[in-house]
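Here come two complexes built around chain A, the first alongside chain B, the second alongside chain C.
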Partner chain A sequence: MEQIRKQYKKILSDYIGNQSESDLYIGQNFIKRMIQKNVTPEEVISIHKRALEEIYDDIPESVLHGYDFLIEVMVHFGLKVQEHQALLAKQEELRIEMEIATKIQNLLLENEIPSPSCVDIGMISVPLRKMNGDYVHFMHDDERYLSVAVTDVVGKGVPAALCMSMVKYGLDTLEYANSNPSYVLEVLNRIIEKSIDDSMFVSLCYIRYNLQTNVLTWSSAGHEPSLYYEEKSQSFHDLESKGLLLGILPEAKYTQQDIELNSGDFVIIMTDGVTDFRNREEIDSRQIIKELALANRHLTAQEMCEVIYSELQKLHDFKLEDDFTVVIIKK
Partner chain B sequence: MRDARIIEIVTELDIVTARKLGRDEAKEIGFNDVDQSRITTAIGELANNILLYARAGKIVIEEIEENGSKGIAISSIDKGEGMKEIHRVLEDDYSSANTGAGLLAVKRLVDSIDIQSKIGKGTTVKVVKWLS
Partner chain C sequence: MNVNVQFREDGDTLLGYIEGEIDTYTAPILRDELEMIRLSEGLSVELDLSNVNYMDSTGLGVFVAFYKKIVKENASLKLVNLSSRLTRLFEITGLSELMEIGEGGATNARI
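Presenting the complex of A and B:
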C-alpha cells in the first residue's frame, strides 16, 4: 500500500505540474493496477487526499473535510464493487459446473447416426445454450428395422437437459427397434407423467422404418409435424397427428400411420426451434424449409441438414432462440 | 483500556449516536480514515438492522487486545424474533434481496463476524476489526 501511495503521489504531482495528457494516461494505467490489487474506491480517495496534503501544506481544512465526506459516502460504493467481484467468482464456479454437466450430458446422450445401405440418414442438433433440450435417439437392428425418436423438452437449459436424460432411459428400456411407434409413445408418456414436474412437457416424434419393405411408420406426441416429400407427385405433405404432448395425461392414446418411401422421397423431422420465428410472423418457415430441401435434394441427407441449419441461422441473424434439431431420412 | 460503550437503539437518532461513538473509538485506537469510515458504516448497518427487524436493542463498542494487536469489537444485541437461516444471511443473493446493505456487507467491512440467533429470543451479532 505504501508503494502505491508513493507512486500515486508522484503521478498526481507530475500532472498538477504540467497538466499533460501523458500523465493522465499514466494515471489511468495506474488505477487499473490498483483495481487488480483490490484497492477500493474509498481507499483511492484517501490516497488522493493524503497525496494532496503532502504536495501542498496550505490546503484549507474545509477542502480536507470535503474529502473525508467523500471517503465516507464511497464506502458503500466499495461494498458494491466487492459484491460484484464475489458474483464474478460465483459465476465462474457455475460456468465450470455447467461445463462438466454438459460433458456428462453429451456422454449420456451420445448416439451414432446409423448408416443402413438402403436409406440415407442425416442429423443436426445444436443447443441454444450449453445444454441441449432436444434429443435424437436412433435404434437399428441390422436385419430389418431402424427407428428414430426426435424429442423436444418444453423449456431450455439445465431443467430440460435433466428431463431429457429420463426420456433417454425410457427409450433405452424399449430396447428393440421394431416396437410399434404408438406403443412406444404410450409407454414413454406413462413414465414421464409419473416422474417429472407438472410444468414439464415433452414433444416427441417416433419413426420406425422397415428396411425391407420401405414402409415408414410414424406417431407423434404434440411434435412439430414432419415434412414428407413425395417425388412421384413432386409435392410435400405434412405428417400431422393429434397426439397429446407426453407427460400430461397418464392414459393418453397415440395413433400411428404408414407411408411407403420410394426413390427420391424424403422425410424431414424437426423440433419447433427450427420453425419458430418469434415476433416475425411474416416468415413462413415451413415454406422456406420446403424450398431449401427441394433445391438441395441432390445432396446427401447430412448435407441437406447442414444447409437448412446454416440458411435458417442467417434468417435469424445468427441469433437462434431455441435448440435446433433436424433429421432427414432419404430414400 | 476504556470501558465498553453501550448505546440503546430505539430511534434513528440513536444510530447517529452509535456511529459517532464508534468513530471516536476507532480513531482513538488508531484506525486510519478509511477504516474509521468502514467501522462507522458497519455500526450504522447493525443499528439499522436492529430498528428494522427487532424495533429495539443495543450496540456495544469496545476496544480489544489479543497477542499484542489492538482492535475494535462491535456487538449488536436485540431481543427480536431471531433468524431461521443464519448461514443464508451471509449469501449474496439473500442479503441483496432485503433492504439495507445486509450482514454480508457488514462482514466485508470487518475482519470477522459471529452471529448467534434463537427463534423468539433474539439475535447477537459480533464483529471484530483488527488494526493492521
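Presenting the complex of A and C:
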C-alpha cells in the first residue's frame, strides 16, 4: 500500500505540474492496477487526500473535511461494487453450467435425419434460448417403417429441456418404428403423467410411415395440426385431431388415421413456435406456410424447411419468441 | 404486460374476471391468484377470459393445474367468453374436450 501511495503521489504531482495528456494516461493505467490489487474506492480517495496534503501544506481544513465526507460516502459505493462483482462471478458460474447442460442435451437428443430411398425428409429445429423445448425423434427399421415424433414441452429453457429427456427415453423404450402411433401416445402419456408437475405437459405429433405401401399413419396429442398437401387435388388439408396433451389425464385415449402419400404429396409437421405470432394477430401464419411450401415444393424437403424458417424469421423481425421446429416428409 | 384477476361471489358460484396477457412472465401471478381460492365441494368457479388477449402454453399450464385441483376437490370449473384465438388454443390441445368452455352470463357487467 505504501508503494501505491508513493506512486500515486508522484503521478498526481506530475499532473498538477504540467497537466499533460501523458500524465493523465499514466494515471488511468495506474487506477487499473489499483483495481487489480483490490484497492477500494474509498481507499483511492484517502490516498488522494493524503497525497494532496503532502504536496501542499496550505490546504484549508474545510476542503480536507470535504474529503473525509467523500471517503465515508464511498465506503457504501465500494460495498455495492463488491456485491455487483460477486453477482458477476455467480453469473459466470451459471453460464458455464448452462453451457455444459446444453452440450449434454445436444448429446442426449442427437438424432440423425434418416434418408430412406423412397421418401424425402427434412428438418429444422432452432431453440429460442440455449436449451431446446422442442424435440424431433426419428426411428427407422431398414426400409420397412420410419417414424417421426415431433414434440414440444410447455415452457422454455431448462425446465422444458429436463422434461424433454424423459420424453426421449420414453420414445427410446418403444424401440421399434412399427408401433401404432395411438399406442405410442398412450404409453408416453402414462409415463409423463406420472412424472411431472400439474402445470407441465407435452404436445406431440407421432407419424409412422410404411416405406413399402406409402401409408402414413398419424396421431396427435394436443399438437399444432400438421399440414398435408395432396398433389392430385392440389390442395392442403389440416391433420386435425382432438387428442389431449400428454401428461394431463392418465387414462387419455388417442386415435390414429391413415393417409396414402403419392408422388408430389408432402406433410409439414411443426411446433406452435412456428405458427404463433403474439403481437400480430392479423397474420395467418398457417396460410403463409402453405404458400411458402407450395411455391418451393420443387426443392428438397430440407431446403423447404430452411426457406420456411428464414421467411418466418423475417416476419418475426428476426426475434422469434419460442423454440421453432419444422419437419417435412415429402414423397 | 400484466395480468389481473378480480373475484366476486354469487351464491355457490365464484366468478373470476381475468384481464391481460398470460405468458411465461405473468403466468405465476395468475397461478398465485387462483391458488388463493378456497375450494370446497360443490363450489363452481366460472372464469371469464373475454379480456385475455394472449395466452401461451405456460398460461394453459396454469389452467390445467387449476382444473386438476378443482377435480380433486369435487368442485367445478367453467371458462367463459374466450376469444376465437383462445378457443382454438383449447381445441388444438384437446383441453376443450376436458374442460367446460362456453358462453358466460352477463358476469362482467356485475363485477
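Operating definition for what follows: the second predicted complex is superposed on the first by the 290 of 331 C-alpha atoms of A that agree within 3 Å, B and C clash if a C-alpha of one lies under 4 Å from a C-alpha of the other, contacts with A are read in each partner's own complex, and residues count from 1 in each chain.
As a convention for this text, a residue touches a chain if its C-beta (ideal position, glycine included) is under 8 Å from a C-beta of that chain, and two chains touch if they have at least 3 such contacts.
Keep in mind it's a predicted model, so treat the numbers as computed, not measured.
Number of chain A residues touched is higher for C, counting chain B against chain C.
Of the two partner chains placed around the shared chain by superposition, chain B is the only one that A:His76 touches, whereas chain C remains out of contact. Residue contacts after overlaying the shared chain place A:Glu224 against chain C, while chain B stays out of touching range.
By the touch criterion stated above, A:Met200 is placed in contact with chain C alone, chain B being left untouched.
When both complexes are overlaid on chain A, the residue A:His298 reaches neither chain B nor chain C. When the two complexes are overlaid on their common chain A, residue A:Gly243 makes contact with chain C while staying clear of chain B. Contact with chain B, but none with chain C, is seen for A:Lys90 once the two complexes are overlaid on the shared chain.
Put simply, chain A touches chain B in their complex at residues 40, 42-43, 46, 49, 68, 71-72, 75-76, 79, 82-83, 86-87, 90. Taken together, the chain A residues at the contact with chain C in this complex read 152, 154-156, 197-201, 203, 221-225, 241-245, 248-249, 252, 272, 276, 278, 281, 322.
Touching chain A in their complex are the following residues of chain C: 23-24, 31, 54, 56-58, 60-62, 64-65, 68-69, 85, 91-98. Of all the residues in chain B, the ones that touch chain A in their complex are 32-34, 37-38, 40-41, 92, 96, 101, 104-105, 108-109.
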